[in-house]
Each structure stands twice: as C-alpha cells, then as structure tokens.
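Heads up, the next two complexes both have chain A, just with different partners, chain B and then chain C.
Take a look at the complex of A and B:
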C-alpha cells in the first residue's frame, strides 16, 4: 500500500492529472499568456505598446480612476463593514437579520442592477432622491445635491458589494473569538467599548484587511457600473480600445489590471496564511458573548437601518416603481402606471433568446466546472504527482483576471491561428470558454474544501476491499461530497447568469446574454422603464435560486468556508 | 375596356412574383443598429409576403456593431446575411473589407436619387434627421432654443445631452454638419469652435441616442441633440417631450441595409432589400424605423405635424464621414479637452 495521501502512482490518476493540466492550459494559461504576450508584440518583440500607454493621457487617467475607485471602495467598506459585522456578530442591535440578507443580496445580485437604481435616485437633475431633498430643504438649485455620474458616485454604487466582502470575512472571525481576551481588558477596568477598540479590533486586523483587499480587487474588475455611469476606468478603457480596434492599448490596459488584481489577491492570501499569530480560536468550545454597549447599540442600529435602506430597499424600490411607469418623464403621477413593461420583457423574442442562452451557458458552465473542480482537487489533495502544485496555481489564476481582460484574450486567441480553426469566434462556444475560465477557481476551491473533509481512510478502505481508484472516488467520495457539489453547482449557476464583462466583449449574432441584453435595453433598445422591469425579473430569479442554494448549503458545514469566506 | 387585358396580365404577373417570393424560406439573420422595437414592424410586414422566412435580428449600437463586424470579417465569418446601419458606416466597412454584395432592388427607381448609394452596396431605407428634443416639464415653449447656436447659451449648462462620436456612428453626421457643412456655407459661428464653446456648457456625452432619449424624458438632461427616430418613439410613448427644427437646418443621414457577399441565405436577403424600398415598407418607416420615407410617392408628416417640405434637410457626405471617422473623433476629443 502506498501511504495515506499517496495513491498517486496509479495510471488512472496520471491520466486525470494530464487531462486536467491540458484543460487548464487551454482554458486559463493560454488566455493569461495571450494577454502578456500580445502586450510585448508589435510586428516583433517590442515595448512600444507600453511606451504608448505611458504617454496616453486617457489611459493614465483610467488607471488613476481605477485605483482611486478601488481604494475608496476598500476604505469605505471597512468603515461601514466593520461596525455592521460587529453589530451583527457581537451586539443586540436591531435589524441583524436584514443586514445579513442585504449583504448576501449585494454579492449575488449583479452590480449593474444597483447602478440602475442609483442612477434613477441620484441623477443630479432629475434623480428622485435629489428632487425630494431639494423640495424638503426648499433649495433653489435645480441640480444636486448628489451627482451619481462622478467618481464618488461610482464608489457609492459599488460600495454595498465591498462592504459585503468585509462583512463576510469578519463575522465568522468575530463570532469565534475567545471572550477571555476581552474579559481580561474589562478586569483591568476598561469599558466594553474600550475593550472592543483596544482588544477586539486589533485582533481582527487580518480579516479586515483580507476583506478590504477582496473589495479592492473586485472593484478593479467591475465593468457594468462604470460603463453605465460613464466613468473611464481600466475595464471600460479596455472595451473602448477594442471598439476602436486598438489591440496593443487593450493589452497593456489588461496587463495593468491583472497586475493590480494579482497584487491585491496575493497580499490577501498571504495575510490569511500568516494569520497564526492572530489566532484566537483554541481547542476549547465557546461562543463569543453579545456585548451590551449601551447607547452605542442604538448608533449601530441606526447605521444598520441606514445601510439596509440605502443598499437594498431604496434602489430596488425605485427600480420596481419605475418598472411600472408608462413614461419615466411623468414620474409618480396618477395615470402613469402600467404592467406593459413586464409584458414587453416577457414577450420579446430577443430577450427570451438571451435568457435561454444565459441559462444554457450557466448550466453547462456549472456542470463542467464541477467535474474539473472535483478531479483537479483530487489530483491536488490525494496524489503526490509533482505537477499538482502547478494545477493548484493555474486553477486560481483567473481570480486575478477581470472578465474584460479574459474577453480580450479570447478575441486574440480565437481570431488568430490556430484558435481560428475552431470557428468559435462569434458563437456561443467562445462565451462558454470565457465562462469556464472565469468560474473554474470556484469549482477547484470548493472541490478542495469538500475533499478535505473526507478522511482519505474511507477511500483506502474501499481500495483495500478491491475497488479501483475511480470506483472509490465514484462510490465513496463523490456521494459524501454531494451537498457541496450541488451547492457549488447552484453558486456557479447564479453567478454565471448575469455575467457581463466578458460577454459584452465577445457577443456576436444571437449571443446576447441576459446581462448584455439588459444593458442594451437600458441604453435605449427599449428604454429605462423596460430595463427596470427586466431587472426586477432578474433580481427575483437570482434571489429565488440563492434561497435554494442556501437550503442545500445547510447540509454541509464546509460550505460556510467556501467562496464567501475568501482566502 | 382595352385596358383590361394588360391590367389582368399585370396582376397575374404580380401574383406570380409574390409566389416566387414566397418560395423563400430558412433563416434570415440581420445585424441591426436599429432597436428591436423599430425592427419589429418591418419584420411583421415582411413576414406577410414571406411567411416561411424566419427573420432573426441582433441589435447593437451602431459603433459597437461596426467593431463587432470588423472583428467577424477579420475572422472571415460574418454571422449574418444582412446588416442595418447608416450609409456612411456601410461605406466604411466596404472600403476596408469589400464584404458586401451590390444589389439593385426592383423598385429602386422610385427612390429619390439624392439618397441612393452610387456604389450600389447599401439600399436606403429612410432618412433620419438631427433635431433638438426637449422636456416640456422642464423647459417651457417660450424658453426653448430654436437653433443649434442657442445650445451655447450658458443657461443650458449641465442640461444638454449629446452622443459620443467614439461610440455612436450616427452623431458623425451631426459633427460633419457643424464642423464641415455650415462653415462651407460661410457661417462663421460654426466649425470646431462651436464644439469648444459647447464643451463649456458641460453636455453629457452618452453612448447611444436611446439613452439620451430617456434622459431627456426623465428630465435628467432636459435638452438633447437627438435623432428623429427617437423623437418618434417618445411621441408614441407619451413622453413629456417635444421637438425643435433648428433654423440652420438638419443633417439627414440615410439609414440603410446591405447584404454580405457570402450571405448564407441570399434569396431571402434580396427579398428583404426589395421589401425595404417597396411602397408598403416605405409607408411603415415613420412608425417602424421612426424616420422619413425615401420615396416621394409616400406621404409623410413629422411627429409634431411639421411637413417634410418645411424642414431644411441637408443630405450628409457619407464618403467624408467614412473616410474621416477616426480623425473627426480626435478633433472632437480635442475640442472637448479630453
């Protein structure tokens, strides 16, 4: 018998490892390579694309905008996310359930829906919130006070997503903290608030930073919100460069974007790995107590209420209201209400086709991602093949590659030899390739955390009893991982349905997806009211699917450590 | 009654022609810069004569569609039979790729000669004009601007929306009109200085005219440089907006269709082009594509009741726009200081 985790020499696992390596090479390594290689190529090896980039005022502005927005979101996410996480995990503040629900919803709901809501609320001239504030405070100005079409507006629009990353990184850490550490401070005479500030928060530093870096990286990658607000960030610049067929500009912008994301995600992983000296969870079982912070509790409740209103109820409420308007110009007036926009959405053949394509893409992606995820995780965790660490790195690589950059890379690959021989360009297949690349990390990571929970002894017992390696995997391991697999399938399905940033770059005839068709309806091919009706439908479907996933998720403790935990 | 026989023969001939047309079937794929809601009426009209043809439309804003097509042509496989874009954009693609077939529809002779494409690649569908659209809740009829020059008045600061030439193909017609045509008419107040002054009023540059229409309707940008087609949609929808025909005149771009050389379904594609210039389709244009018919034998009034004859329409120079697209974008960006 080989050792505990070293079944590895078998021909079957070698074949699996080779197949996975080939798949990851085509789906991930090739696109990432294409981004880098194309940036150094201009008829021959050249740095001219970088020189052009550095002297291009618009590109430099886009880079600075990206950094400013991502930094702003990360910083404000900590400012808002930390008190809310503390409030939910450790106090008796009100609205704890609502805050948690709002966090989950802002992660699963596509960013462009929130942007739609905020544009309707905070457009400087006609935004409903602006009109209301001007009326209440009797302002003579015809514009403001909010202007969503600005850098601050973009930060504000993406903030709920960033706050959710900080919140979800922090809540488990706070809930598992040993209360003896705070007790010690209290015994020395500190007030509860002082104990929290001097003891608890410093202990939470790695989790806070990890959440902030995740918020930073996802903010760099967002496309829908800046595009709708008309803010030039790197993702938008890549798309604009491609529209102008300036491939070298697009490639350097992509390299810049990937490098910044990789830096943030690398830091985040390092923080979580070296978190040992902040370990607050010993062998003893305990639950952190809820603290009584006196008046501060009410402050937290007020913050929670404000957050739920601003991040969830007001924007989606506005969207629902507008979805029922005949003409957006006549606002909240009698006689301006209709269900016709929903009739248009449900009856439009282009929308129906886009919905089917998105469901098909999401289902195939989720299925393939699970197969690749489980088999790759198996090679990484259960064999001693030397290539396994390479598989590990390759499979998480796409986390640092925004969808816009993947879309660009696939254009380069599938327009040129030998990729053009596949005939994928302009068809749904190229979208599938993009989706697989984007979502493989979730499959492999969830596969690993699922597999880690199953003692290898169970597989070995099956092998001893005469089962093959493949038989043991199919009959023992997979059934034990089933809740995790179903959950991962649903998660990828939910995240793939509204995929926008790669889809919009790769769309061709008949390959509009839900997100690209919604954006096109919003941008005039139907109009704001129809777009709102469409958005309400998407929100309802995605939320229902997530409820389903959450129900499945209850059956597996590993799921709590999955994607939402970061790291 | 000597006329009876020829008339009967003509009817028989027409019936046979219809039957020949009905023999067309299969899918007809159209890449379109015209919105779905505009294409729908044309597709229904076409479907009456050609019930077996399954017309599929894929809509993208013009400038995005141009780059989609550019890339598909580089990959050597355009994904459609027909494309619906303005004449200048089709000409630009044809210059670069020679991808379109020439075709003269049966009733092309009935089309006004000044809008026909001399090269024979694009078939004119209608004339789309630039005008001013304003929100009637925000701007009263007395206060409304009456000329392109009025947009420079500081009181419209942060009120105006205009399409961005980097992402809209149509607005190139307007930019040509202001930067080239009006100065050539010895009108000193236009040219690129106009855009430099307009930039002082901080107009919002949007990616598509549909977005601008909704911003005008909602009051977010109550005044816009707009295309007739969107004014028509607003009128149909009951938006609180109205139109102004600027004193200096209106550039008219020619919304067109063209078929690819290697269209998968050339019979159906030709049938579509025949249909587009037919009197039946031309009568639909105002309600369908939202623009003015290109045949003189089709009666038309603008949505605000103005007669076609009361508007100064300047046909755009499609060749100039096709050739100068990139440098016009650069000059526009320079005028806007970006």
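Take a look at the complex of A and C:
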C-alpha cells in the first residue's frame, strides 16, 4: 500500500468507492463468477460437466486447435515482430512509418475485416492470389496453392494482430535502451550486428516474451476469423454449444478459455513487474542511436515491404477492389466496376438499424467507461481506502475474459433469477452490459495513467483554497485530464463499434450490431461484394476516428505511452 | 465536535488574527510513526518555523494542520475552534487557511489571475469583487502585469510570487508554507525571504513556515520549533535557540558549533565547571539541573571564541585553551581558523572572525571564550 497520496477519506470518496465497487461487482465480478460457478453446477454441486468435457472429442479438439493456433501465432509473431521492431527503432530501414501505421491499424481494425480480405485472396478455388499464381506458373490444378480455410490459414490471418503486440511491446524498450550497453560490446571487438545479437536481444527478452504472451491471449480470444474460416476453436465451440443449448459444455469451455488467457496474462504481468534485472532505462530517456547494418538494412527493408503488403495493402486493397465490383467472378477486368454495392449498403434498412444500434452502444459505452474509469482510478490512486486494491484487481479482470465467455456469462446471469427480473435478455441492454465489462479495463487503466500525470498537490491546493473533494475533481483534475479522457472515449468508441464476439452471442432478433450484420451479409444474404462495401465503410470510419484520437493525444505524454507503450 | 470552522468574515475585510495550537499530535503510517505526539503553540499573528532535517516530519505536521492528512491522535485547535480531534477532522476547504506548496502547485490550465481568484470564487465572491481583489493581491507581490499569463509561462521566482498571492488572497485565518523557497536560487531566495516576512507582518496572519534552512528560520521567525525524528527537540525565539541550544543536535543544526566533552563536571549556582582533557573549563548551565555523572558536553559558537597570542595573560572568568593553528580558510566576510588544542590535539576547534586572519598556519595561539557564551548541553 505504498505510494498512495491523497486526501480522499471523506464521505464523498467513500460513497464513490462504494458505488464503483457495486458497479464493478455487477458488471465484472458477477459474470466472471457465473462462468466458474455454472461449471460446477448440475442440479447441485457437481463435477459432471468437467467429466463430460474430458470425454467430448469435439471439445478436446477445439481446445487443441485453440492452443495450436495461439502458440503458432505467438511464435511467428516473435519471428516477424522482432526484426520489424528492431528495424523501426534502431536502423535506417525503409518504410518505418508505414510499418508503424500497419501495426496500429491491425490493432484497432476488427479481425474479421482482415479475414475477409484474405479469404478473397487465398480462398482455395477463387482466391485472386491463387488464380494469379496458377496462371503465372501455368498450373493445371483448379485449386490452391493456398488454402486459407485451414489451421495455417487462421494463423496467417490473425498474425498481423499478434505481430503488432510484439512490435508495440518492443519498440519503446529498444528506443530507450542505453547505447552504452552496446558500445561496451563494440569496444570488445563485436560487429554492430554481433553486438545486437549478444547484448540487445537478450536484454529485450522480457519485452519480447510479454508481447508474445499478449499475442497468445488475444489469439485465444478471437472469434470472427476462426468462425469465417470454419476452424473449430474454443470460442467457436462455445457459441455452437450455446446454439445447441448445451450450457454445461459451454461453461467448461469458457472456464478453459479464461484459465488459459489468465495464465498467459498473469505471466505477462509478472514478467513486466520483475523486469528490473533487465532494466535498460537508467531513469533518463536515451535517444538510442540508429545503427548502420550495411546490407542487412536492405534485408530488413524487404521484410518491411513484404509485411506492409501482406498485412495491410493486399487484404484491404482486395476488399476495396471487390467492394467496387459488379461481379466477383469477373475479377479485375474492365467494365466490372460500380458503386452500386455502396448504394445497397447505405440504403439497407437492417444495416442502417445495426449501424445506429452500434453507434448508440459505442457512445454510451465510451461515456460510461470514462466516468467509471476516472472515478475508479481516483479511488485507487488518491484515497487510502482499503477497498482500493480490490477495485484495482476487479477492474482489470475482464482482460483475461474473452468476449465469447462474457457473452456466455451474461446469458447465465440474465436468463436466471435474479438477473431475469431486469428483462435485459434479448435487448440492447444486455449488449451494453457486455460492452461495459469488456471496455472498463481500458477506462480504468487510462484513467490511472492520466491521473498519475497530475501532482496530488494540485488537488490539495484546491482543497485548501476552499474546494470540496468533488469540486477539486471537477475544476482541477478533470480539466487537466481532458486530452486523456477524449482520447479514451474515442478509443473505446472505435473498439466498441465493430465488437463481435460478445455481440454475436447476446444479440436478439431486433439487436443486430454492425459486426453481426456484416457477418450475415457476408454469409450469404447479401453477397460478398456488398459485404466488402460494408467492410470498407467500417474500416474508413474506424481509421478516421483513430486518426482523430491520435491527434488529440499527440501532445500528451501519457497518451503517447498508452499508444506506443505496448499492452 | 461541536463547532466547525466558522465561515469567517468576507475576504477583503480586516479580521482578528487567531492562534493555532497542536496538542500531543501523533501520526503513524502503519507501524512507522512519523510524528510522535508533538505540542506546538503559534501565537495569533506570529510566524513559527518548523525546522529539522529531511524526513523529520515537518511536511506531515503541516499537512495535518491543513487537514490534508488525518491525525492518528491528538488535537489541533485555533481560537475556540477544534480543527482536528483524533480521527475527527474539519475538511481542508472549511479551515480557512492558505498554503504555499514546495512545488508551488499552481494550476497549469488556469491563468495567473484565475489561480489567485480561485479561492475567492469558492468563497462566494462575485466576479467583479474577485477581479478587484486579485488585482490588489497581485500588485502586492508585483505580479499584476502578468495576470493573463499561464503558470507555464512564468519563471520560478514569478511562480513563487503567484503561489504566495494565491495563498493570501482570501485573507485566510492561517498561512502555511512548505519549504517555499527551496526551488529558488540563492539570490532570489534571500529576496523572497524578506518579502514573505514583510507580507506576513503587514497582513498579520498567523503562519507556520516549514524549512530546513537555518538562515530562513532565523531571519523569518518569531519562534522556531526544531524537530528531529518526529519529535520537537526545542522551541523558542531565534535568539533563545541560537544562544541556548539544548543539545548537540540543535547546536549543530542552528548555526555552527564546537562541541567540547568535559569530565568531572559539577554544577554550582548556574555555572558548570569541568575538565577539558585536563584544562578547566566553565560554561553556563542553562536549564541543566544535574551534572550528569561528571560527563557533560558544552557548545561554543565559533564567533564567540577569540584568538590571542600564546603568551596572553590569563584573565579571571575567561576560558583559555592553548593550541596550534591547523589551517585558515578565507570565505569572504569571515575567516575560519581551525585550531588543534594542546589538551586534545586530535580535535579541531573552529573560530570565526572578521578578516584579516588573526594567525597563520602552525602558529601557537591561545583560544579565549566567555563562560556566559558557552552552553552546557543536555546530552
């Protein structure tokens, strides 16, 4: 309990702490508890659900698939992410800005958009890349050489997201490294590349591992890409179990999913906390030198070019191109171009309804999340109430709970007494509850980093000058945190608009969201080209809003850290 | 707690100064006790300094007075008003105090005028009254021409003045300072020291001034409270503290001091007589009432020692220590002469005098000092 400095001990801060505790209990602790409790319940306390799970081939296969995909993505992310991060932070490699942009886009743009692009490119029969390769190499086969609808295809599809986690964990560590550490090796006769391999990379090990673990955890949690590629991972299996009303199967699958993510994220936090041994920051920021690696620089530039093409330009380019095609079968040919698909998207009443719902949900979520975030961060950092460490833990809990599992938990809660009394089930309210649970960690974390930038004396000076605790918060603290709050609002809004994994489980007949309606258009009741036009619109909105958010944050060190600081 | 801090008269109107009283105030953080039951009285309209080494509990004490830190036990009262009584506490915003923080704590998003006017607005003054009062206060500290600047556009000294103006703007009952000058350079520090004293006396506001600088404490205070490890070691007027330090810590912390160990000490009518390695030495007993088993220490200020020639005739009632000059250091206004006394050649006694140097290195001298200016210490 060190470090807290503050005056919050009056009735007001107690009331705030109690309110936040109650909100977090309802929004977060109850769902997480429901997942675990329901798995041990079968008319009475029972382990039968676990026994069934262990003998259920389908579920075991899904678990193995999840592990294989997550492990593969984590490993490949390191392989691709480390050289790219090194290239951007420490060399004169080309395309450094483009690589950074691609990383951020793959984190904020929903995974199913990338999946759409890759399916269009690498579908075994009609994929444009496959067709082109068959034509160039004059292959007589009618399918291949790529098959995106496979385990490897899924790993490939989700790779940019994983690479981004490794990249963003590594770049700050590399950029802040004390150059003297490498110089020491150079003085002993090592070449620049040798010094990097012998000194720099070992120092970066915790950051690399932390990034890989994040990649692992988020890969476990993804739903859209495996669903579209037809790969049976845990998230997909949970949804299918729920569609078949097999609640006990779904609950054990959820427990497994949560346990695996919690393990990975717990390890990741431990690594970052005990990283002192590897601390490379001597308290002041170093401007790490850019190294001249000779020919190796060109290799890095080539990798960067390939990465930007494969992770950004080709898939989104394909999606954009298809969105303007009259017929997908005619491909890239003259006379096949039209804007009609966009007209269809903009004119479709069910899409319009879904868009309104998603905007409403995202706006309310973002607003509530920053309020809860600021107040919870205030209790954690500015009071000495005993409850504050509990609030701290409760507020980050959802990071380890994939959206699919939250969706399942809310079904359990709002179908049964007393949750059913709210009447939330099947309405937009249950979606709102799910979104709040998912995004509260962002609000609390950003609230804390914003608050940490503000010296407590500023609030204390306001108190001595006659402000109440609430008055000081409103007149001094919040105005000073404003850039962080606006940035956080936009970030949550951007992430909530295309939320899929909880929405698809919780949506009712009248509550399609952007992501679920896009998926149903894609799955046949509108056509791929229309789906692409829809996807392009989503991508454009999300990117534009993020640009705005980045502009808001340009001058705030706390925000820059939260964008580029990894995690 | 029956009476809360009264709302007080409207800021801007003259008012009666109030005293401030800390009784047995204690503060613990878990197992660690930062302040061990201290008593401090600040007379109405006076300025009391809390001085002591870093970590001795000065800031904690000040924050308890401001209501920013709850007391573990004890009472703080002002006039007839109980401000803190054990865990019960008037919140800071109702204590009617002004505070100058070590870091100034100016609000970076508000202009200078709004920083200064903030407290007035909170106390319910209307805009035009506030503007008028802000102008007055900024004029007092010579900052009226910068009223529209933001704090980030000011130098350290200017920020300091704004912080001062903000603290006094609402004519608070009590003013608190936490090492307000420690971030300024030496010249500014001296200048601001006098300005703070002038302002405090002009306004007649009861003040508590935390510092670790003896110069500041001596120059500013009506009374000084010396603290060590969360306890009050001694309190008194600057002259009392300087002339009659209670122990070696106070003697060394406030001003320079030579500490001499006496053996076979005995007390006789307000005079302590003992032996400094065989040489008889006398000192004023002060508050001392026991010779303490024959071992006693005395403090002699370097400025209270004269250097005489080796053959200077003995005078009755003056302590004499023959010795050899080890070194002399010229520091501008003063010369430091370090003398190794014959009685204890390993010791060095420091003497300060006006230039020129009274003796050169290696010369034989006799140190003479008045028993009335030599103080027996309690430890």
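Some points to look at:
In the analysis below, the second predicted complex is superposed on the first by the 554 of 567 C-alpha atoms of A that agree within 3 Å, B and C clash if a C-alpha of one lies under 4 Å from a C-alpha of the other, contacts with A are read in each partner's own complex, and residues count from 1 in each chain.
FYI, a contact is a pair of C-beta atoms (placed from the backbone, for glycine too) under 8 Å apart; a residue touches a chain by one contact, two chains touch by 3 or more.
What you see is a predicted model; the values in this text were computed from it and never measured.
When the two complexes are overlaid on their common chain A, residue A:259 makes contact with neither chain B nor chain C.
The larger set of touched chain A residues comes from B, when the choice is between chain B and chain C.
Within the superposed three-chain model, A:462 lies in touch with chain C and out of touch with chain B [touch as defined at top].
Of the two partner chains, chain C is the only one that A:471 touches; chain B does not reach it. By the document's definition of touching, of the two partners only chain B reaches A:125; chain C does not.
When both complexes are overlaid on chain A, the residue A:509 reaches chain B alone and has no touch with chain C.
In the superposed pair of complexes, A:480 makes contact with chain C only, with no contact to chain B.
In the superposition on chain A, no chain A position is in contact with chain B in one complex as well as with chain C in the other. Within the complex, the chain A residues that touch chain C are 1, 7, 9-10, 455, 457-458, 460-469, 471, 475-476, 479-480. For chain A in complex with chain B, the touching residues are 58, 120, 123-127, 143, 149, 230, 240, 242-245, 326-330, 348, 350, 411, 414-415, 420, 423, 425-427, 507-510, 512, 520, 522-528. Note for the complex: chain C touches chain A at residues 30, 66-70, 91-93, 95, 97-99, 101, 103, 105-109, 118-119, 122-123, 166, 170, 176. Interface residues of chain B facing chain A in the complex, by the touch rule stated above, are 29, 31, 35-37, 56-61, 63-64, 67-68, 70-72, 74-77, 79-80, 135, 137, 158-159, 166-167, 204-215, 217-222, 230, 233, 237-241, 326, 338.
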